[in-house]
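Shared between the two complexes below is chain A, which pairs with chain B and chain C, respectively.
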Partner chain A sequence: MEGNLIKLSEEFLQELWEEIEEMGMSVKDLRRCIQCGRCAATCPMALAGLDYFIKKIVHASILGLKEIFLEDSSIWGCQSCNRCVEICPMDIKPYELILALRRMCMRNYAMPSSTIDSLRNYYEKGHSVITAGYEERRRKLGLPEVPPTVLSNEEMRKKFQEVIKQTALAEVAPFPLD
Partner chain B sequence: MAKIGVYVCHCGENVKGAVNIQEVLDFAKTLPEVVIAKDYQFMCSDPGQNLIKEDIKEGLIDRVVVAACTPRTHEPIFRKALEEAGLNKYFYEMANIRDQDSWAHWHDKLGATEKAKRLIASAVAKVKLAEPLEDRYQEAEKSVMVIGGGIAGIFAALDLAEMGLKVYLVEKQPSIGGNMAKLDKTFPTMDCSACILTPKMVEVGVHPNIELITYAEVEDVKGYVGNFEVTIRKKARYVDWEKCTGCGHCMTICPSKAPNEFNLGLNDRTAIYIEFPQAVPKKAVIDTDNCLYFKTLRKTGKVACKICEKGIPSKNIAGCPAEAIKFEDKDEFLTVKVGAVILATGFKVMEKHHFKEYSPNSPDVLTALEFERLISATGPTEGELRRPSDGKKPKSVAFISCVGSRDERFHTYCSKVCCMYMFKHAKILKEKYPDIDLYLFFIDVRTAGKDFEEFYVSTKQLGAKVIRGGRVSAVDIKPNGKLRIRAFDNDLCSPVEVDVDLVVLATAIEPGIDTEKLGRFFGASCGREGFLREVHTKLYPVDTASRGVFICGCVQGPKDIPESVSQAKAAAASAAATVMPGKIKFEAISAEVIRNKCSSCGVCVNLCPYNAIVLEEYQGIYKAKVEPALCGGCGTCASACPSKAIIFHGFTTEQILAQIEALTTY
Partner chain C sequence: MKRVGLYLGCNIPFRRPDVEYSMRYALKALDFEVVDLEGAACCPAFGSMPSVDLLAWCVGSAWNLSIAEEKGLEYIVTGCGSCYGSLNEAKYHMEKHPEIKQKVNEILSSVGKKYEGKVKVYNFYNLIYDLVGLDELKRKVKFPLKGLICGAQPGCHNLWPEKVFPANDENTFQPKRLREICEALGGEAPWYSTITDCCGMGALGTLAKDKSETLFIRKIKTMLEEINPELYVVGCSSCLLRGDNRQAVMKKEGKIDFELPAVHIAQLVALALGAEPEKVLGLTEVPIEKVLEKIRGGA
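Right, the complex of A and B next:
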């Protein structure tokens, strides 16, 4: 990008389409989009003012503008509400595109640091979001200091990590899986 | 004493919503010679008309005023009601208290009611002085002339011929086929244009009821509906078409070249040529501007070349095997009598040179019709997509919509077919060359039409990239030969730039060069944009202001092939309905000259917009005479005549003065 100008032919990367396909989204289906804007009218990302909300994401994908997704973190702001899928009149399943793009970005190590932190938490502790510093309060309420999930079950946590290691994360995780 | 009945129509809420009906009725009853004043919800309905008919039959009334809507749409049906009840239909007057009153003064109910009263008083004053008039009938020629041999003209001619009418199909070019013959494929079905058009052209060529007159133009028109006399100039062909077999041998030996109009100048043709391979009739003509024989003759007076006729004996090359070359050929004139005329002369596409911002001088910036020839199997590259500049296959192509359309500087209208043919071009290219990179720039995508939206989506699915939201601002030539396009992408909310190898401009559909002139010949007028104008967009879509003259296809405005064909069939039906009964009715509302008052000044002759008045010798003096069949009933002559020698039946001076008096009295 040069300032605000997007060079469609120079920035076009056909590999984006191939990667999207590989990540489980049909580009042919995606191209049915007529940019009616119905998804954007319901998308929390659009309401929150993110630069690349769902309608623009679909359009940029059709144009093969891969760099946008590597540089802009909007796709990570998707709330997975799935409203876009339910409302789309062309049945293109926009949310699945977001997932495909996130997978593509993972492979290019292009994501916000908060996403890496969440992922690390997920792998190491079994939860992407952990509430720390509540031990005292929990004890006062008669609750165990550590919640009775994988957090307090070392054996299950190890098993969980073994499962994770068999997923695509083994290849693409931006931190060592040990 | 006349017995006048006044009938006030509510027109549902249209009149009643602004006019106090009861007050108007009470007022009407006070007018002199009004014996009845009634109201009804819809006077034009059967029960409404019956009110009038019964009052006439019972002898209560002998003059009728209907206060309702516009005479333009409703006068005929009320006149008919009078006729059915046994009263002369010209004892009728209409007060327009809707269009000119309730609608115009919707928020001023008192004022609207007052105005309704005056309009009714005026109509009553006029109808009081009405004279009984009789319509006249005149014989009609049972034949039709269709001018323009494109898809619209072809279909109009075929339908009329099938009805058993004699049809004269006149075409300017040597062959019929028009613009459709230049197209590669047609949306949304992707039929090959030539495949669906050629059989129809052949049908025209062999139909016993169709006389095909190509390479000809209208020279003069006389007469009126039922009895047009059209003079046609058949341009000299310099080839005897009786002998020419269409073998094309002459085109292989002619040494003179000229830009090939059929391929929009993308390649050359010979000076003697057959327009295109599927031409009907498939006959050759000599273009004297470029023929070596004629050029030399004009410049030096000497005889040269004549290779088409004699061949080159020294090289053992023979001349025309049919001995059809006829250098001494002359223009021929023929006059044809027809009862009705259909104008179907089509359109032309706007030239690219108007758009300096799009680098029109680059050979790689094409108009859409040029591009159509470039990808056509009968085009200059035989269908192979190659850049005109270097002959290389383009890897990327951009299409730009609304070039000259939706633009106050050029044409305010939408050319209607461009969005769809852009998708058609994209589809043709994507199916032939799946890897080609296509960018389609739209202001917005307009695909209203049967199967059109599906065509758009399926083209997108092939991978054509659609950029909406604003006109392309510039096409610049880069040093590496690429063309750079600057635009705005609404959906990305960003200015964008694209480098491509070829640019196709969807330039506007424009009226043909001679549209206005042709219209004037026949008394058909053009609209603001120069297309021939229909009488009423919805109710009379193929009729013109001139009776017996109909229009179809792009001469009326931009439209696609299905629409042109539909209109052609509509025009054929209307033309047939005009001439088939064999006689034509002429309304009695027309001007008449009182000979002994006429001072022979001739003022009326030049003023008449219908060319209905001539100075005719009568007892040794020239006197004005109105041809009633041509008179359009406008009244211009009657108001202009300095000797008050013209009576305008239906609108006499006495009637108009009485109307004015009534309007100003109450």
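Right, the complex of A and C next:
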């Protein structure tokens, strides 16, 4: 019987709050939101017409609706532009909520495949984005074929990976860090 | 001689190395010694480590900044808005939370590295604005823009969050600095009502391609109606990928009926200072010959 009931206990509502607190967002700050809509008026996600843009994301978080974020991918479309942080009259830092929610989702293995690709590139090559054919493009301009970054420096790349292995990426990456 | 660390990031060295070439050329022409940050990695991009964990993000950024510190640099420069934002935001978090900075250093020390927080991170146009100055820039121009009308696009990450950056516009919702640089080069860069609108590149472009393109189309169409620019000048390499490379694809797909050539501000500065057009504009996709002819024709 119990398995079929929706648990609307305080415990259930607080589950998301506890997780986002752990991921760096202050729920006390969040609950100051008055849903005025200033963030929505400047949010590129809202202008582009995503289902869940910043104002709705804040509201759903206050209501503890964790499932929304595990199922809907809108939070991964945030441009990290920080307009909402700049414009919020209650200073709740909505963008920090987006990051906290993404971190929570990652720990539940709910993330887009493009995120996995960029993390794998970041760990293996030191660059989240590498566009094929760069050697030719660089040669044409008289630049060294491989840029002077961690990509062209074996010793630094090993050290870089050694460092990254000691971060939370090692716990959440859906690929081996070796 | 002023020394500046060149922080490359990902999109510039791999996708648009013409911006890297232009930054190197322009900085040298403006009397900087350009120092490479050997072993630097991704900033890291907002969709990667910042979305994993705050400490992980700070470790990634501190790795890059420690390389600049080892070289005794006071400042570095980026041409990509995301790099500018991510590095400066991480710096801000480490400054604000000494316990995070301490943990970062515990991890970095395992490979003999250390982060102190001494290096300033500029973007290209603010570096020119603050450390060269408009008068000096004007004095160095060899090929003035001859009144070329520029539609300026500073880019989101070059403006917000205001509190984390070493330099910024006085009013970030009415930005002037990028426009003033275009004007110092001999162009005109009027204000238009969508100047701070997002170009749609980035996470949104990856997650919702078509929807993100509506942002770009609305921004540019409004700009064309209001100031009818001859050139779109951006302060961020992501805005360039959207404004040039993606625009060319959208044109082919029949999604747009305009054609507006686009450059990164580093390309425009390099061109005005005398760099070879074939290298500065070597990877441009939207036809740009008319602009080049106006600036360099008969030279």
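Throughout what follows, the second predicted complex is superposed on the first by the 165 of 178 C-alpha atoms of A that agree within 3 Å, B and C clash if a C-alpha of one lies under 4 Å from a C-alpha of the other, contacts with A are read in each partner's own complex, and residues count from 1 in each chain.
In the analysis below, a residue touches a chain if its C-beta (ideal position, glycine included) is under 8 Å from a C-beta of that chain, and two chains touch if they have at least 3 such contacts.
Because the structure is a prediction, the values reported are computed rather than measured.
When the two complexes are superposed, the chain touching more residues of chain A, out of chain B and chain C, is C. Residue contacts after overlaying the shared chain place A:Leu13 against neither chain B nor chain C.
Judged by the touch definition given at the top, the superposed model places A:Ile34 against chain B, while chain C stays out of reach.
By the touch criterion stated above, A:Val163 is placed in contact with chain C alone, chain B being left untouched. When the shared chain is aligned, chain C comes close enough to touch A:Pro112, but chain B does not.
In the superposed model, A:Val129 makes contact with chain C only, not with chain B.
Comparing the two complexes, no residue of chain A contacts chain B in one case and chain C in the other. On the chain C side of its complex with chain A, the touching residues are 8, 10-11, 13-15, 17-18, 20-21, 36-42, 44-56, 59-60, 63, 82, 85, 107-108, 110-111, 113, 156-157, 160-162, 172, 198, 200, 202-204, 206-208, 211-212, 214-215, 218, 279, 282-283.
Those residues of chain A that touch chain B in the complex are listed here as 4-10, 12, 28, 31-35, 55-56, 59-60, 62-63, 90.
Chain contact summary for the complex, chain A toward chain C: residues 23-24, 44-45, 47-50, 73-74, 76-83, 85-86, 95, 99, 102-103, 106, 111-112, 114-115, 118-119, 122, 126-131, 134, 137-138, 140-143, 147-150, 153, 156-157, 159-160, 162-164, 166-169, 172. On the chain B side of its complex with chain A, the touching residues are 396, 437, 439, 445, 456-457, 460-463, 465-468, 489, 491-500.
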